[in-house]
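These are the structures, in structure tokens.
The following pair of complexes shares a single chain, chain A, combined with chain B in the former and chain C in the latter.
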Partner chain A sequence: MDFFFGLLQIIGVHTILGLSAYVVLQTGQVTLAQAGFFSIGAYVSAMLTVLAGWHIVPALLVAATAAGIVAGIVGFPALRIKGLMLVVATIAFGEFIRLFWFNFDYQIEKKGIVVGPQGGEGFKQIRFFPENGWSTLDVAIFIWVIVALIMLALWWTDRSRAGAVLRAVGEDELAAQSVGINLTAVKVGAFAAGGFIAGIGGAIYAHYTTHIEHLNFGVMLATFAIAYPILGGLRNVFGTLVAVIFIQGFLVEGLRFMGDWRNLLFGALIVLAMNVQPRGLIDERSVRLVRGLFTRN
Partner chain B sequence: MLDSKLVRLGAVAALAVAASFGTQSEAFSAEKTVQIAGFGAKSGVVRSFGINTEAVLTGAIEAVNAAGGVKLADGSMAMMELTFYDDRCNAEEGISVLRRIAGSGAVVAIGPTCSNVAEPLFGILQKNVGDEGDSGLQIPVFTDTAIKGGLAKISQWAFRNVPNENQMYKSLFEWINSEHPDLKTVYGGVEEDFAHSRFTWHKVMKERSPEAGYEVLGESKWLLNDTNFTTQVRQMKKAKADIVAISAHPFTTCGVLKEMTRQRVKPKLLVGLTSSSSMETLQGCADQAEGIIIPTSFAPVTEAAKAAADAAAKYEGSADLHSAAAWEIVMILKQVMEAQGISADGDAVDADRRAIRDGLASLKETDGLLGKIQRTDEGEAVKPYLYVHAQAGQWAILHDPSQ
Partner chain C sequence: MDWLDFFQSITDGLLFGSIYALIGIGFTLIFGVMHKINLAYGAASIAGAYVSIAVAAYVPLPALVTFLIAAIASGAIALLIYLANFRFIPLASPLATLMATVGMLILIDEVVVHATDGMPQPYPALFADIYIEWGDFGLRGDLIFIFVLSLIAMVVLMFMLYRTRLGIATRAVAQQPVAAQLAGISLDRTNALTFVITGLLGGLAGAMIGASVGVLSPLLVVPITVKGLIVCVIGGLGSIPGAIVAGLAVGAFENFFLAFRGVTERDMYVMLLLFVFLVFRPGGIFSRSVARD
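Moving on to the complex of A and B:
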């Protein structure tokens, strides 16, 4: 069972990453900066648990706040650009953050061992979970409680006035502005919220892998971050979860036995899924279908 | 219409998932065999390493089984059985693979290929054996390829059979100094974003060469996925060093060597990274690599080494300093399993794993393909080595430091 609990952990981490992009995509902004915020969460939380000896929960909250603040700051210049320019700008930001970690060196001696981020060689021995006796199931439950809280918050937001405002900005900025919506507040707020959520994901990721390095947070991770909500569908938070299960559970893990063919199928199946369900795996029609299953009898 | 589409899509996905998990678990049947799990990169940029490891492991296990198998505690003989997993040189996937192996009947895991996978993997293992407060995985992991220095000390469940590069390059630079006293300066080229190559330049070549009397004039850096090396080679040309030491894997080593040819950069001597003493380098740039000197812990110069090379070739792989270590690992494991008296019972997997770990930890010396291998208290190996150089599209032995 340990393997399945481990798989649940990684699905949970990627779901959080996908949800961080989901928030920003709601406002019509396509961002590839989520990997950067994710890395901030990873490094900050790891420094707090390993170097300062903090518990994972406060470390996670501080790391997520740091990522959220940086995301908010990034959100301001992003107001001036949109579309492909925003994509390019956020890629540049993500690479800037990644290269910052590549050059970041801060180590101290603890119990006779030198620990801390060491530039290109990464940051190892982030062992809060095993050192504190957390079983794989404990960690999986911890992660999924957080995933559930985030999904609940976003699900509630989707149904509140705030959600309507986000979608209004995403559908037509000019129309939204003409009815008195503060574009700056909405866009920067979405960036900050997305950064905060990505920071949480990064913090858990660092403690899941026990070793992080700049290469973990490249453009590929940023692409996955926006691919999850787009593939899953932007009308519903559950779409992101379904997309992560499809990619991480089925394409990555389920097809492992296929070796090199897996890489080939990986892309082909995503293209196929997007053709079969062009508005996302969970769109209005599939929601109606599921509702119908429960109401027919 | 939509209903049927969705149902069909869901059914196909569910069947495929079930089939894949089923295929993996089916390999671990209830037969009394010694289950060995191998893992490494069988896809992606460094896939050749995993393919070679699997080929050598398959050949080595075939050789053990042909000789009767492994003698168990009750005196019976059991065959070894290999299941090999692809981790795509990705840390997350490596962790997932190791968790799958830990949940199976495998008594030991052999791998991984990449150091950036080995570091997190060793991190999820229990750090100190018997520490009840540490919930890390308890399965011995014996590494054949991930070569970045000092990784086995991360966990007492981690062991490596990789060469000691510090010793190899120290000895190599001293030997070059004695053979070519006219050479005075070194310039480095490093694949900066790959754990092994970066470590080997900054912590090994760059530190050992001055100890042998050389002046390091500088370094050029590039990335694993780079395809243009114009600027780096221009810097190299400007430095006019006697020796150029390239710490990079075959893919970019060849790119740099070709660019050096284009810019007519001809150092008096070329030194390469251990991992580049493989067929990939010769297949990619035999002409440009002509004369490059590399220390390696494998060459088919003994009967055992020739057998390993033949076995690798039989299974469409190639024996090199990395994959050949997998052959030695299988032979070491057979010896340890028999000495420790494992049972290979399905319900005694944990006890067998612990016995194998304890056996590996107590080893001081083992047999290797080129001679005796010393084992350190930190789970590392000190292996015999040779210097090879590229000559007419082949790796030829240049010098044996043990002679």
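Moving on to the complex of A and C:
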């Protein structure tokens, strides 16, 4: 049973990561820096619980705030550029943060053992959950409560004026500006919100894997972050959830019996999905199709 | 560090930078013509080099022919990428194209891993035994060969773009796709041919990476893609001379920091260089004025 709870944890954390990119993608900006913000959340929260001995909830909030602030700072130069330039700038920024942790050494002695992030070796012994006797099920419930809160918040935002503003900027910046929307505030806000959510995901990730190193936060993780909302569709938050379950639950775990071939199939399926459903799995057409199944005439 | 080490590291970096320049040209050409990013380009380049060693394993070939096979194989893969990721996805969905090329990157990478069991493969070097010395200052023969070969490739590319009908068609599509179509140029064919040309350049670059590093590994794909994109942005999107200068500059810059600060910090300085350019010269090296996009 622990296997399924473990899978639930992975799906939960990846959903949070995907949602962090979802917010930024709504404003029409492609970000490949989410892995960097994710790593800030992971390292900062782990340092707070391990080195400072905090409880996980305040550590999580502080780490997420730190990631959000850094993301907001990145958002400012990102205003000057868009399209390919933004993609490259965010890749470079994400890699910069990763390389920063690669060179980051800060260790102290606690209860006779030396703990703390150690450059290329990574950060070991993040043992908040086992030390406090949380079972795999407890951790999975904790993660999914947070996922539900984030999804609820984003779902509600989508239906409020703020969601309309985000989408207006994403559809046409010039038109949005001409009806009085402050582009700077919206874009920086979206980046900061995305960074905050990614930070929460990173904080949880660090605690359930108990060992993090810089290689966990590479370009591929950043690509996954934007892959979930794009594959699922930007229509609503459930697209991201469906895409995460499809990729992590079905492609990665469900097809494990295929061995090596699974990874081949993974790339090919993304190419195929984008050719067939360029606006994501949950778009106007598929929603109408499903509705048609449940309504008469 | 004295002056000799300084010059030595800068020179080696400049020579190696010609590879970055070729990769950067590939990204910049596709962006210029289609206003799209092909993230699978680095993977296609490395895959082309893999095909060439697979062929060389069965038939003994001179090293230069191996390079040519790498270029042709990569050109074919690039055509495949065009058909799978660009041809049938509507222009109005840029995100779908971006994601599809990521899928293609993973697919190509995994095919390579599958075929080689993930083991790095040795790659034949050319003129590796030659070493030109000036006192303590020296030049590696294989790096000089790479530099000369990429210069030739760039000259051929420039000739093609500015002196042949295909090149004129390519530039016309880059400037004004609708007007180009009215003049009887087939968009589809021109785009496909541009992909093949970038593929040829990429395959050559992939083979040169193999020859100068000594081995080919699937782990090379992501760093090469990132460096190529950085070169393409520093040089200015769509600018081929910019990509050449930026490629050489990035090569020299990173090799200097490799000698000066060590391998773990090297890439951080390259990222910082990119940020300096994004903030102060977002249009690239050769932009006329600082224009806001």
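Worth pointing out:
Note that the second predicted complex is superposed on the first by the 285 of 297 C-alpha atoms of A that agree within 3 Å, B and C clash if a C-alpha of one lies under 4 Å from a C-alpha of the other, contacts with A are read in each partner's own complex, and residues count from 1 in each chain.
Just so it is clear, a residue touches a chain if its C-beta (ideal position, glycine included) is under 8 Å from a C-beta of that chain, and two chains touch if they have at least 3 such contacts.
Just so it is clear, the structure is predicted and the values come from calculations on it, not from any experiment.
Contacts of A:M274 after superposition: chain C is touched, whereas chain B is not reached. Once chain A of one complex is fitted onto chain A of the other, the partner contacts of A:D260 extend to both chain B and chain C. In the superposed pair of complexes, A:G120 makes contact with chain B and with chain C alike.
Using the contact criterion defined above for the overlaid structures, shared-chain residue A:L215 touches chain B, although it does not reach chain C. With both structures placed on the common chain, the touch criterion links A:G180 to neither chain B nor chain C. In the superposition on chain A, contact of A:T223 is made with chain C only, not with chain B. Of the two partner chains, chain C is the only one that A:A92 touches; chain B does not reach it.
Legend: residue contacts after superposition of the two complexes on their common chain; A:S135 is shown touching chain B, with no touch to chain C. In the superposition on chain A, the residues of chain A contacted by chain B and by chain C overlap at 102, 120, 260, 263, 273.
By the touch criterion given at the top, residues 25, 30, 77, 80-85, 87-89, 91-93, 95-96, 99-100, 102-103, 119-120, 218-220, 223, 226-227, 230-231, 260-261, 263-264, 266-271, 273-275, 278-279 of chain A touch chain C in their complex. Touching chain A in their complex are the following residues of chain C: 31, 35, 37, 84-85, 88-90, 93-100, 102-111, 113-114, 222, 225-226, 229-230, 232-233, 237, 264-265, 267-268, 271-272, 274-275, 278-279, 282, 292-293.
Those residues of chain B that touch chain A in the shared complex are 2-3, 5-6, 9, 13, 16-17, 20-21, 23-24, 42-44, 47, 85-86, 91-93, 95-97, 99-100, 102-103, 116, 119-120, 123-124, 126-127, 133-137, 154, 192-193, 195, 198-199. Note for the complex: chain A touches chain B at residues 1-3, 6-7, 10, 102, 120-122, 124-127, 129-136, 208-211, 213-216, 246, 249-250, 252-260, 262-263, 273, 276, 285-286, 289.
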